[in-house]
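You will see two complexes here that share chain A, one where it goes with chain B and one where it goes with chain C.
This part shows the complex of A and B:
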């Protein structure tokens, strides 16, 4: 039986599916902004239904706030219990609210931002499809539905990264993202098999109930299962060493970067670890892997962002780094902090991408921050939004990022032991975060106007001959390439509304969870994490919380100070530093050579093996022996039988009647 | 009257039909001969039916008639189609389906 909560959750899921299908089928009929309006309406409906689900769930008593809504049984046989069921609990509801809420605003933004693109209708069909997939992922009540959602978001991400499909770099980036994500998908499927093997169920709640008993005798299987699942989480959340697709994914249109590669899809890994937290608490090894990889990623990404000159890629690296924080948090047991940071990050990161999109719009598609400068006066609204987003990202009080990041690091400090070292690394990376985000601000919005930005200050947008910004290849304005006009928030109301709302949230969302003052998020999530022992260990005491907040503020201020000194007060002083640390700069701007390492370790051996097998096994064994042999046998046999097929009706009649007569005679004589 | 006579007539009809199928080359005549074969079978069926005082044979005979009607419809259709396309009306000269 489905309850009100369950029914509402199913409706939340169906709204974007309806949008995707109807826009997909009617893409030739819908003209003008109709598709965008439809997609946005559907999403706002979905958000309203999510709020209704929240209200319905909160009206239940606290101990029954884990509702399973089973629509029908998919494959219920011996040893398998796959049902088409949703698990509606505080964790999935908060994810649902973040996904539908941020998506609605990004859809609204895109209705104006993408309006000159020839693929406008296709774009909104894909976007709605993505939101549907993401909702399947976060609402699914068992591992099988999770895998379905996981695969679908991968596909939607591929479609949207390669949205400008006539651009070679974009299609390459899409294929890269898809391949790396499929690698992770395989990990999740294999990990799920290991869990199913001993627990005998794929349903989350049953799995958690049975886990301790089922895996007591097989601790290694649990560890391997979880590590394999982590592989999927790392691929989707762009964690080291499976992170290389995320910066390349910036080839997609900016709203896509804001929605998929900042606010929602890339946080799926964090959600997954939080969802499976009862299992991770049983396996120290898997949890430690999560903490270590998260830490490596958050430092690595922050350092790479410092030397990056592509505006969108800077934000992409900061996304990787912030997701690193979340992965550390949920692996170390600070679930509330991790999910809280996921939420605030969705707000301020989507805001940063939207502001970046507006800047890129004014610059006529240019993303290189070395060509920008002094845009503060020309784009006042965009500047304000970018500033708010960066302050929240840098973690300066009282912006939302401060409270959420601080809660993660405070939790690590409280847990003590070697987690203190992780916390210290976290503060160091927070300093770097403040530094690179203000580097971008100073380079884009401060400083003197150059020849190009002077035109923007005079009220014109830049226009260039259509070309690929990364390779310079000539393009046109047909379908499959970016549209003719670019748009800024200054002159489009929908973009302003979307960015204004997110800016407001980026400022105030932190107030939901101030240590020892308010704990709205913690209380709300309590039913999901109530059985966790680690959560209490990571709840910072007053002294730790104060120390953490002090350190956090200090790190942010120091980072901003360094950035001010280097890029505002003495622009050009970085050239000297770069000359001194040339090898470091080369290492960072080549992204630690991870792409090259993957190429060397995985791609080349596979390509070599492929070539060898193609030359020997494929040609000789498969084509000659297997294919040629079996077809030869058939050919000879058919040549023998073919002789009987004379084509003469009279001979057929003679054969039929004489053989019938022979059979009759035989029957008569032998009897 | 003994059943033997009926069966004898049936056998003679069958032999005439089979002979026609073997020796004639015109598909129309071929179809006529096939009808003779089926008629012979029907006669035998009805004879046995009466002999055993049962109904099974007559039911089977009706089914055979239905089959015969279908077969003639399709067969004549094919012959007309062959004629329209200028194909020879001769089963020995239409052997394109040989292997």
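This part shows the complex of A and C:
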């Protein structure tokens, strides 16, 4: 039916679905770590199959590295033609490799990290389901399957954010994330209508082939379609102003934050823009919207991270900011750079979250960095990993983040014009990035041990009475930070292996794509982007590349320097600065009041309308109807029915048949 | 196959009647046999349909009351095949579930359900206007009587809602009856032929637009009340509160769909001018239902009403698809009729299970924390809720996608407003699940709960299996009605397009040229 490549891709996709369903059905039978082992095995299988897909695809000649694999008709009617089809090309394969690869490691980590959680089996079922959904998203061969994958990852993300569903803050964060993501889904649905209207197809390859001709006479429809689709991308990738769910999503267990809210799902928007690049290249307006929103987000998130005191939220904001870079890159035509950064970011960000999880494990669930300090000796492995992740995030050579971020900014410089300003903003935010990353490092791992961290240095983990970390509410052991026992990388081999592998990748992955030296990623992706003119315009010349790398290094060093001054050398000095810039601090720690604005403009009016309708309008509709117009009829009929009720059931039957007869009689009379 | 078609109507009815005669012992057994047999017959009939052809696949036409031109003309075609199958499935699940409660499932109750099933099936397969109207009226009566039984004993007050239901829907039905008679007589006058109620004959001869308008008004009264559409929904909260849950599952799932089907079978082909004239009114009614229904569903604390108002909203989507006059919208409307019914049935079952675990309390603010006490129930609940809110990947999503696509082709603004309802659906469905199953234990929920039993598990497994089929292969549901739905909207649609062209507007785009032919 399909080629080897296609068959392999379907197997990659179906493996995690098999895992999710079998764990779901057997959740009472699987005990101990069995569910984790099954889920992880399935994922490693899926990764191995992905590698096989890669090999099979690479053995094809370059011009035929675009394989579609159909199963059956999904919805073929009324001008819509949707098949259950996958598109396997270098872009989807690289996504597939990143998704299955990083997921495997995070599954491995979670087998140990989550072991004392009551919902261990449920957790792995959801986690496998997420990977399946993500693979549908990146492999789907048409817009409808994209929407299916898009929706499903939103669902899996929801399930995992509110994984500890007895905690009100978790269910609230879950529903918030879900609603914002459904809003984004709707954007893509409506956008797909506009594309379908003129191109007559939702299939990617047909769409790209027809786009230029179909939209030549309707440029505005294309722009509107793409802007609507961007809404979906922004919602999923936590771009301004649809980002407010991401920090709250940290309510989920830490492996979830690492997998979904850092490495994979949140980068879906970047994938989407890259996937639809032939369309975005036909619409300057839509591409510009992407660049502008990405820029706003990357600055905004970096500034918010500076004042955060919750370890996971600092990393969450850094994710938002880094995705801002990627969105800018793929909107500006620097596709290779964007996808390359997506990949390296997946490595170092997953690593950072895993290390954070280990710290939180030792701290007994505490996430407040003000309560930490001096942990580098107590948690040496965790510290090393966190350091590597932070150096990569800060963009210091030769760590992977340096090369990938630099390729983005170098590309913007090369494109010139107003993109130069965007690049300048990008370097500035890079300085902030280095600054807040090292703020976290210094506050968590350096400085003096306090009363609590002293216990960790003595070889104990902290333990507290179970409570909700965000509200302090008392809880039992069945919810919240994983169970009675807490786990750190230092004493758990699976966590160590997962983190070690990612740390290695975070260090060396940059070598794949060094300007004018290696172009593994660029060459690999070439068949997907070969027709793009923009990509060439964003390939930095030697001089630009050198300038960019110089600026990047400088920004990182400067940022680290500032952090060293403020939080290592004179730890108390920030209080003075904070007092001087009180209003700025208030603005930042209140997250620019975006949450409040959305609440005021959207949530409250809807709630208010619902309350008014339920309390007043409905009373009018249901009661006036009785009292007013039909009260007479009701009274007469109620007397009749009461009479009928006293009789036997056979009277009812008689009523039914006689009323039917009455109607028939009526027909005869009218005749 | 005409024998099977007759058996489809006769067997469940006969089973119910024999049960009534046979008494308590045999009635349940006969009910199971009757509903199962109907499902088999419906499946056999559905397999006869040729998706490329809109004409009847199985046709039975015999004279009934020749003096007034009423015939017993029934048929299976692309438009009704899937709905007929759906009806038998829903009645089967609902009837089987009723048997769980021997107090409820008396022989008379089962007989009433059987009458209901025969009437609904009759309305779907009717090819004669009077037959349709009769079945449309008849299908309500069993449910009114069942609701009255449920309301009995509490005195006058609780009988009120039942009467409201009766009055509301009978007013609509009687108007429709008059309209049907008027339509046939006026058509006969125009053509000079003897009066006939046969739909095939009526399709050929359309009336003057001014006449069509008042006839449509009467049909609308019946259809919009039955669906119900805001602001004609006043009867439903009371009816939902009084009806026993197994009967409610059937009622909420199926009866509203006959009204939606009536639009495609009767209103659009017979009264195209009037429908085109009032298209905008229908679109606005649909949008009001979607937004209003969703908002009240989001606010109310009664699980039954959450379900009810959400049905109002989802019927709004169905009406939106129909009023697009576009094949995609019509296909979406039919398919959403199927997917909505398939999700309502397990949703009502879950509602019952939740209320059972809270000592009969049906208040959202007193529920919560059931998931921990009943994990299997919770997992099934989750699956149903995801279908309910039309998660991409479910059949419900495909239906909504088609509805919105159809409406987008004629009025993008309406599709945009309707899509607010998509987000609100997620809000009320999740609020329901979180409120009932998650968070901390509610006041009405005892500390030690029991998980779901084997019988309910089986019923839910069947329902979820049906949802899985429409999720994985929506084409199975879409294919049979492909040509028939296009044919149903054709007269109104071509009229609408020619008016638009005459108005100098841009033509309705996005539909391939070959769709625009009619074989009629």
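Simple rule for what comes next: the second predicted complex is superposed on the first by the 605 of 671 C-alpha atoms of A that agree within 3 Å, B and C clash if a C-alpha of one lies under 4 Å from a C-alpha of the other, contacts with A are read in each partner's own complex, and residues count from 1 in each chain.
The criterion applied here is as follows: a residue touches a chain if its C-beta (ideal position, glycine included) is under 8 Å from a C-beta of that chain, and two chains touch if they have at least 3 such contacts.
Predicted, not measured: the structure shown is a model, and the values here were computed from it.
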Touched partner set for A:508, first chain B, second chain C, both or neither: neither
Touched partner set for A:216, first chain B, second chain C, both or neither: neither
Per-residue contact with chain A, leading partner among chain C and chain B: C
Which superposed partner A:493 touches (first chain B, second chain C, both, neither): neither
First (chain B), second (chain C), both or neither touched by A:200: second
Contacts of A:421 with chain B and chain C, given as first, second, both or neither: neither
Contact residues of chain A, present in both the chain B and the chain C interface: 641-642, 645, 649, 653
Interface residues, chain B side, partner chain A - complex: 18, 21-22, 25, 27, 30, 91-92, 94-99
Residues of chain A that touch chain B when the two form their complex: 641-650, 653-654, 657
Footprint of chain C on chain A - complex, ascending: 24, 27, 72-80, 122, 136, 144, 147-152, 155, 158-159, 162, 165-168, 171, 174-175, 178-179, 182-183, 185-186, 189-190, 193, 196-198, 200, 478, 606-607, 609-611, 613-614, 617-618, 621-622, 625-626, 630, 633-634, 637-638, 641-642, 645, 649, 652-653, 655-656, 659-660, 663-664, 666-668, 670-671
Touch list for chain C against partner chain A, complex: 20, 65, 67-68, 70, 106, 108, 111-112, 115, 130, 134, 137-138, 141-142, 145, 148, 152, 156, 159-160, 162-164, 166-168, 177, 181, 195, 231, 233-235, 237-238, 292, 295-296, 298-300, 326-328, 330-331, 369, 371-372, 375, 379, 382, 386, 391-393, 397-398, 401-402, 404-406, 408-409, 412, 415-416, 419, 422-424, 426-427, 430-431, 434, 437-440, 473-475, 478-479, 482, 485-486, 509-512, 515
